[in-house]
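Shared between the two complexes below is chain A, which pairs with chain B and chain C, respectively.
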Partner chain A sequence: MTAAFVLQGVSKHYPQFSLSDFSLTLPEGQIMGLVGVNGAGKSTLLRLLTGLAAPSSGDIEVLGHRLPEAQVAAKRKIGFAAEDMRLYRGQTLAWHIELVRRIYPEWDSAYAASLLRRFDLRADQSVGGFSHGQRVKALLLLCLARRPQLLLLDEPTTGLDPVARAEVLESLAEVLRDEHRSVLFSSHNTHDVEQLSDSISFMHQGRLLASADKERFLDEWRRVLCVGDVPDALDAWPELVQRRAAGSQIELKFRRWQDDLPERLAQVGLSVQRIDPMTLEDIFVTTVRAGGRQ
Partner chain B sequence: MTRELNWPVIRLLMIKDWQLFQKQLAAHLLGGIVALAFLGMAKPWAFYIGSLLLIILLVAVACFAVSTSLLVERKEQTLAFVMSLPVSPLDFTVAKLAGNLLTFLVPFLVMALFTAIIIFSTPLPDGLVVLAALVFGHVLVAYCISLAVAMQVESEGWNLFAMIGSMVLINPFLMLIGQMDSVQSVLRGNAVIWPAPALAILGAQALIGLACLAFALWSNGRKPAFY
Partner chain C sequence: MYQQIVDQITARVMAGDWAPGQSLPSIRELAATSGVSVITVKRAYEDLERAGVISTRHGKGSVVSERPDHARGLLDHHLDLQLTEAAATAARLGLDRERLHQRLDAVLDTNPDAPLRAASASAVDAGHPPATTPHSRKGTDR
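The block that comes next holds the complex of A and B.
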């Protein structure tokens, strides 16, 4: 397996925030969604992966280049767009395209032209007149048309209205079909992540809580509603992540779901009323509340 | 860690800064023509207005060059876009310093050259060129200090303090020159004589300016990453 990036034991300390002992690998050609609340450390992680920030400890390798030492070589193959990244207001999109085209020899003008049409952008328009959605699309165009091997997107859909968000996600889904292009995109919106990703990683307070294939995440988690007296021994079950009263019923959330669990619940005196798969958002919230307990 | 400079990208970033500054540059040069026209009239009132206007323009060029290239980029969050391009902190520092010097020195040197031409080609005493050199030297030093601070410090307050503080020092500087008899005596003459105190001041200005730029280059260029 060739890795788009490998992080091993990476830490980054700021006065108010620390990213601690972070290890994560993205296989080539995969799309990974990075989910975390605001302040979880997603932007710090992406800055480390672009070489913009140096780790306090640990090793970072991106597309075979060690960072931040070889950041110039790595950044030639990386497309990076962040929600807080701005273009020059007084200049046109064509001016930006020309600047980026001259820097990246792999710039694909035909692809850029097709993205202009798909994103419904005008190259001769000043960027200062763009809406937030148009600005995000312009940044994506500048990233994608350079044909990067690794695309890093920091909150690409944050602040977009529903229509613009849907457009950006649809466009991303189309352009991300290239099997050799690896993508890491961060969001606090689990719906966006669920829509685009092959694998998902949860971050909270600078730590990696969980990382797995999307299907595995969804298959492993279940929400069970049951009635009866909860025995104390239930809390010791390793699969149980959360239990709480839901009206007259008891809501139990399980990770590493096994088909024999309803039977085991019946054996301890709980009558199962309903078993539901969990949404990614529910899984994320439950994982965060459980503090990432495996 | 590689210390090789990525010159093609540095050159493009310098051109970018030049293009961003073009409109302001045109306005400054237009103002410079007006100031020099007043100076060229060689009348006491016109000289006063022309020299004042020229100093204001020089200060404006210095402040806007630093502001457009560094402070505005930081404030409008366009720096992240530039830093995501294939540049190291050293490439970025060199591009910023060189681009900024280019955008400042072009109008600065054009105005300096035409000031000298006006002094030599009108009834104004040729000795005034010494005063002009000292004034231009002061603005150059103030610019270098402002640029070094802007490269080093993100605080807008400290940057404004550095810019305004260094530029307004031109007032006591002119008063100091006014107290120097050896300098004053040559200003009204038609021969260009460089008294030792004037040369010493020019030398000190050059040293301070170079030291500021060298510090900014050393301090920013040795960083392994931007953050």
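The block that comes next holds the complex of A and C.
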């Protein structure tokens, strides 16, 4: 398996924030959604992967290049867009396109033209007059038309109206056609990453809480409603992540769901009322709340 | 999203839009056009293959199975699952077999758009030569 990137035991310490002991791999050709609340460390992680920040310890390899040593070679094949990136306010989008085209020989003019139409952007307009959504789409266009092998996008859908959001997600979906291109994109919103992502990583307070194929996440978690007296022994079950009263019923959330669990619940005197799969958002919130005690 | 992909493909095969032996879009192509992750489409294809609706030849992609009745079998299975679920809900409500039957009949009777009419009506439909049915429908549309 070729990897788009490999992080091994990576830490990055800032005075106010630390990313600790982070190990994560993205296989080539996959889209990974990185979900975390504001301040979880998503931007720090992306900056480490782009070579914009050096790790305090640990190993980072991107597209076969070790960072930060081989960052020049890696950066040629990485596309990075973050919403706080600045464009030259007094210049037009066409001027920015020309600038990037001269730096990157892989620039695809036909693709850039089609993205202009899809994003409904005017190349002759100076970017100072762009709305937030237009600026995000302009940044994405400058990134996508280089056809980078690894796209790193920091909150590409945050603050976008529903139409712009759909346009951005559709343009990302197109990247899927090429099995050698990979995407890591972050969001504080599970809905934004859910549809497109092959794998999902949850991070919180600088740590990786969970990372797995999206389908596996959804398969492994269940919410169970039951009635009866909860035996103390139940809290020791490794599969049980959360337990709380919901009226006269008891709500249990399980990770690593096993088909024999309803039977085992019946054996300890709990009568199962219903079993439901959980949404990714519910899984994320439950994981964050349980994060301290894994 | 996964179920949507499975349903769409099954529906197209059953309707004959996709003929037996016809090539399906590649996993990546379908993922890109429908905006769904590769892993989701891949899983849908694997399940459709297991159900016999499509078959995959290594390196050649997937084609619609030569036995299109498999698509019907898959829907059949889906209906069984839904009925099992309905039976479980009925049990929680304390309904007996008789009451559950009545409730199902009530749903069929009260919903004027339900394609399933009383048994006698469908028998009449089946008795007509197929060509006349579309004609009579066109007439009522106008």
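The criterion applied here is as follows: the second predicted complex is superposed on the first by the 288 of 294 C-alpha atoms of A that agree within 3 Å, B and C clash if a C-alpha of one lies under 4 Å from a C-alpha of the other, contacts with A are read in each partner's own complex, and residues count from 1 in each chain.
Definition applied: contacts are C-beta pairs under 8 Å (C-beta built on N, C-alpha and C of every residue); 3 or more make two chains touch, one makes a residue touch a chain.
This structure is a prediction, so every number in the text was calculated from the model and none was measured.
Upon superposition of the two complexes on chain A, no clash is found between chain B and chain C, which fit side by side.
Judged by the touch definition given at the top, the superposed model places A:Lys75 against chain B, while chain C stays out of reach.
When the two structures are aligned on the shared chain, A:Ala54 is found in touch with chain B, with no touch to chain C.
By the touch criterion stated above, A:His204 is placed in contact with neither chain B nor chain C.
By the touch criterion defined above, A:Leu169 reaches chain C but does not reach chain B.
Between chain B and chain C in the chain A overlay, the least Cα distance found is 27 Å. Shared contact residues on chain A (touching chain B in one structure, chain C in the other): none found. Taken in their complex, chain B has these residues touching chain A: 1-2, 6, 8-9, 12, 16, 19-20, 76-78, 80-81, 83-88, 91, 224-227. Taken together, the chain C residues at the contact with chain A in this complex read 1-2, 28-29, 31-40, 43, 92. Per the touch definition, chain A reaches chain C in the complex via residues 29-31, 169-170, 173-179, 195-199, 213-215, 273.
Interface residues of chain A facing chain B in the complex, by the touch rule stated above, are 47, 50-54, 68-73, 75-76, 78, 80-82, 84-91, 95, 99-100, 102-104, 139.
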